[in-house]
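Each of the next two complexes has subunit A plus one more chain, namely subunit B in the first and subunit C in the second.
So, the complex of A and B:
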């Protein structure tokens, strides 16, 4: 393997990288970020922004580090006076026609132009000529174009042509009259991945209409998570402020989603912010009135009612939106209560939407994040492609009925009316929970720690981004405590602990632990050690 | 006197037939010995043809002056991919009008050169990328190609040799940058005319992703003569490093502007004074741009010691380029002329590279301001510093071409800039370019 490694010196550090690596990528290995706009690891490199020029000993001209590949013994300087001088010059060119409207620009705070100019730009620009004005354009879909802020890196054009492979954008005109535009009246409507061009725009030229003027970048907290809109399991960041999710951005994971995510997943976050939540445990005495109680009373009542039942059998409805931990704890509890069957439902799309330039990534048919996890835990799928029906045997079950996370939107008020004990755990109340003896408020995936198993069996962690409402708690914590009372074993204190147990018990998880999963997840099929 | 102007100092090799309407007819061309070199070349191995061109020392006439035979030898010799020969007839450098004349008066010479070149690099297809504005040249060339097909000089089994070479004339759509070799390839393929990042070089990945060689019209026109008479014959003219003859397109304030074919190494002052009949109205010479608008301007003192070959021009701090000699007398407003060039480049920049896209337009803006009398001395420093940022920092050399006239004119004619900067008000309103 050593033959394939090339050793060179970058800024005085010796680096060994595989043959064919670009200088820019090689510099990353020693923590040097060579400023760049047009280069993006997921796109072709046109080497046109000329910001990543570095000094290479022996080369007559400064070399674009994004396309120059490493050579044995090369001496590269990214921080020399010459290299810095080039960047200063190029940055001055960028600012000639840039409106400098940072105070009202959505990108401010996370803008590469702002960052680079503050870092290495001239203190005072010399441009006194009138600035070129392009104005704004609605590109359709979720994208608004501020032409004056554009640095003409063409990442958006290349994304549409190379990755989405639906050429909707182009550069029109030439010279400094060049501007990104759509074709005549055809905008980005009808494309499914165009939100990514907002992410990869290094400046505030392409902004999301949905996010426009909602928050300043520096006020947002970023929490790593997993998109819950389908079973692909795109790694995402939840950007939150004031306990609300303001936007969802893809998080790099080359095994799952690269740098991208679909527009459906990106826009599917308002439900997380829904304020109409279950906030306290509720106990129903007579099937008509409910009273709110504390957790101790609620769980005590539940255990008490369960003990009264002899030879109980359980019918449970789980949700494929619940985490592996939640589902695992449910399975344990069902066993401890006398055993029974757990089913789940999940809506299915007619077709997969494959991202042509990164075919690993698609919006999968299963529109829930943890269908695979539920299956691996032995739960049976019921219902139709709309995620409805299939619950007749549960609805009429006489002994214990447990519902976790499914709002039973298609079920009537008499659901579980005949059950001896009907426990409903959910984020939201439901008409079908009318006959529930005990209603327990649980957290959404954005409010708790846990894992989802994606369509190909990759187990990926997510982290709590929001404070849960009221007394809502993670389902695994509630179910684990109940199970502990019934079995006499200790209750799990952390999601990590519970996942460890689960992974010992369920062969598919093959002994994986949270440290194995890391931030990028690991394949359940391959087992431990496959994590990053 | 014939063809606008001629001079007895001229050596007519490629320009033979200028002004003679019969020369463009295939029958006359063949009668006068045309396509003889093609026959001779087809009788040799492709590498032998390349060798002869190498021996002749012929250098690219498009501006860079790279040895043609060496360029041909870069082409892969044994691979299954199709090769292409591209003839760069997108002549758009301000001040240049030699290829147009070659195509108008002697189209079969161009075609014969292309065919020999294609044979030497094992290409089965030649694309002649002709500037869109050359309407007449395009028509003449297209007609000539048709005739050449009809007579069996191109197409299948040329002259019974078993070799197939097709020739396509492609009409450009009017962009200076499409004369840059890789910009031309993109344009030919139907893409935006933007230069490509090199490497890979055209000999490895060129037009349509295949090995390609691109040569200027004038270069290819010299090839039949070299093949016919040999490399040593061609070396009888010119200097050791710049052998042969070259068409000089003289424009500006001379009495007899025009195309003159002269041996390389010819003294610039003799070209102006003798061949072109001196400066108009007996005015004094102020400046000359010897190689088309992208090369540095030289002043009268430098003109006096400049010899017109690739090395001689470098000696006085400029370049031969494509030998488009623009002569300016002492009535010329240098700032205005430089501003007009900057306007041209700002308009023609493809817009890929930031230094060129932004810098060329900024240069033009500042120059216009100075020309209008609103400039400051600091503007000159800005111009010098900023144009330096445009040299060697971009994909192609268009950006360097902006810097050359600006920097050289500020260095050599600073007093003219200063006069405008310190003038009470501009004597003359700025003309629209």
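So, the complex of A and C:
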């Protein structure tokens, strides 16, 4: 492979990169970020923003680094006075018609125009002519367009034509009147990936209606997570403030979702902010009234009641929205309590929505993040495509019934009425938990550490972004503590420790550990029916 | 260590008179009665002249149609070193960005005036005002309506005829 490497000098550093690499990408390897608008690694490069100009020794004029490929022995200067001068001139053109309405622009704080002008632009503008004004336009879907802020990089047009492959946007008019527009009355309505054009817009021309004026970019904390909307497992960032998720942005992972995510997943965050949560363990002595107790009492009561039962058998209902750790701890506990069957339910969509320009990525049929994980841990899928039904044997079970994470929306109040011990672990209360002897509050995936296994068996970590409400704790911590009491082994103290144990015990996880997974996740080494 | 008390020797009462000292004291009093130099200020009838650099409780400027000038850009809560400004932005019926909630906790405020300095639309100002007494503590959290109603003048650090300070 050594033949395919090209060695060149960028800003005095010698770099070796594969043949065909652009100067811009080569500069990234030494940490030099050449300013650019129209270039995006997931799109074609038209070299039309003219901002990524760099000085190449021997070339008669500055070269756009996003399309100029590396050559042996080339000497490139990205930060020389000449290169900076070219870029300063280009930036001045961009500001000729830019309204400079940063105070009311949602992009402010994460805007490439703001950053580059501060970095390399003129300190004082020289424009005297009036600026042209377009006003704002509703593009349909979740997108608003502010034409005055646009820098005409056409990333959005190229995304719709190259990646989504549903041409809804185009450039109309010429010269300084040119502007992005939709085709007549047909907007972005009905497309499934248009939220991405808001992400890739380098300025505040395309903004999200959902996020409009809600928070400033610099106020938001970013936590890496995994989208819980389907089994694709898109890598995302949860943007939070005041213990609320304000928006969800895709996180780059070329193996799973590239730079993109679908609009369904992007908008599927309000349930995380829902304030109507279970906040304390509840015990019911008579099956009618419940009282809140501390964790020690709740778990002690649970173990006490379980001990009274002779020859217990367990029926458990898990959820495909629970993490591998939660499900693994549940499986252990079911075994320790006398063994039994664990089932789970998950809604299934009619069809997959594939992103044509990046076919690895699709909104999968299984609308829960950890269906594969539950299956790998030996749980049986029941119920119909709406995620309902299939629990008759559990509802009538007489010994121990455990429910984890499933709100049992389709079940009546008499669910589990005949059980000797009915334990309900959930984020939200449910009418079907009326007969629960013990109700334990657990955290959502945004409030705990853990992993999901996506549709192809890739295990991906997520991190806690929010403070859990009240006394809610991760399910793996609760179930692990109960299991430790029953078996006499030590309770897991971290999710990493529990996953390590799980990974040793379950061949599908093939000895993976949290450090192996990193931020991008990893597929289990043992072939676990990948690519289903 | 023993503590010793110094005992002053006083003149015997029958051998001294306080009349002379009393008269000289009265003379000073009468002198001040006719002296034009006044020291005592007749507050509140007479108001103190505030320093040109005085920074008091805030004022929110309003447009002619009664809307606040604030565009909810979020710079003042960001720059505020005392963290006393709470702002929730939103969209009004004309599609403009505006503050749904704008509250300043005047107890927390240290009156540094950076909110005024950072404001891109000259909306929030510190005022030439110091009489802020209230009967309850919660009245010191000024909401948007209260800030817009404040009728005292803005600080002289800001010249309305030259808003950008050029």
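The criterion applied here is as follows: the second predicted complex is superposed on the first by the 524 of 532 C-alpha atoms of A that agree within 3 Å, B and C clash if a C-alpha of one lies under 4 Å from a C-alpha of the other, contacts with A are read in each partner's own complex, and residues count from 1 in each chain.
Just so it is clear, contacts are C-beta pairs under 8 Å (C-beta built on N, C-alpha and C of every residue); 3 or more make two chains touch, one makes a residue touch a chain.
The shown structure was predicted, so the numbers you read here are calculated from the model rather than taken from an experiment.
Q: Looking at the overlay on subunit A, is there a clash between subunit B and subunit C, or do the two fit?
A: fit
Q: Contacts for A:291 in the overlay, against subunit B (first) and subunit C (second): which applies, first, second, both or neither?
A: neither
Q: Scan A:118 for contacts with subunit B and subunit C and give back first, second, both or neither.
A: A:118 sits against neither subunit B nor subunit C.
Q: By the touch definition at the top of the document, which applies to A:46: first (subunit B), second (subunit C), both, or neither?
A: A:46: touches subunit B, not subunit C.
Q: Where does A:222 make contact in the superposed view: on subunit B (first), on subunit C (second), on both, or on neither?
A: neither
Q: Check whether A:13 is in contact with subunit B, with subunit C, with both or with neither, and answer first, second, both or neither.
A: The answer is neither, since A:13 touches no partner chain.
Q: Touch test for A:380: subunit B only (first), subunit C only (second), both, or neither?
A: A:380 contacts neither subunit B nor subunit C.
Q: Which angle, as a multiple of 10 degrees, do subunit B and subunit C span at the CA centre of subunit A?
A: 90
Q: By residue count, which of the two partners contacts subunit A more extensively, subunit B or subunit C?
A: The larger set of subunit A residues in touch belongs to B.
Q: If we overlay the two complexes on their shared chain A, which of subunit B and subunit C does A:131 touch? Say first, second, both or neither.
A: neither
Q: By the touch definition at the top of the document, which applies to A:108: first (subunit B), second (subunit C), both, or neither?
A: Only subunit C; A:108 stays clear of subunit B.
Q: So after superposition, what is the minimum Cα distance from subunit B to subunit C, given in Å?
A: 21
Q: Please identify the positions on subunit A that touch both subunit B and subunit C, taking each partner from its own complex.
A: On subunit A, no residue contacts both subunit B in one structure and subunit C in the other.
Q: If we count contacts the way the header does, which residues on subunit C are in touch with subunit A in the complex?
A: Listed in rising order, the residues are 71-75, 78, 89-91, 95-97, 120-121.
Q: What part of subunit A is in contact with subunit C in the complex they form?
A: 102-104, 108, 136, 212-216, 218-219
Q: Which residues, counting only subunit B, touch subunit A once they are in their complex?
A: Of all residues in subunit B, those touching subunit A are 175, 177, 192, 197, 346-355, 357-362, 365-366, 369, 378, 382, 386, 389, 392-395.
Q: So in the complex, which bits of subunit A are touching subunit B?
A: Against subunit B, subunit A makes touches at 45-51, 53, 60-62, 64, 67, 86, 89-90, 92-94, 96-97, 126-127, 129, 132, 151-152, 171, 173-178.
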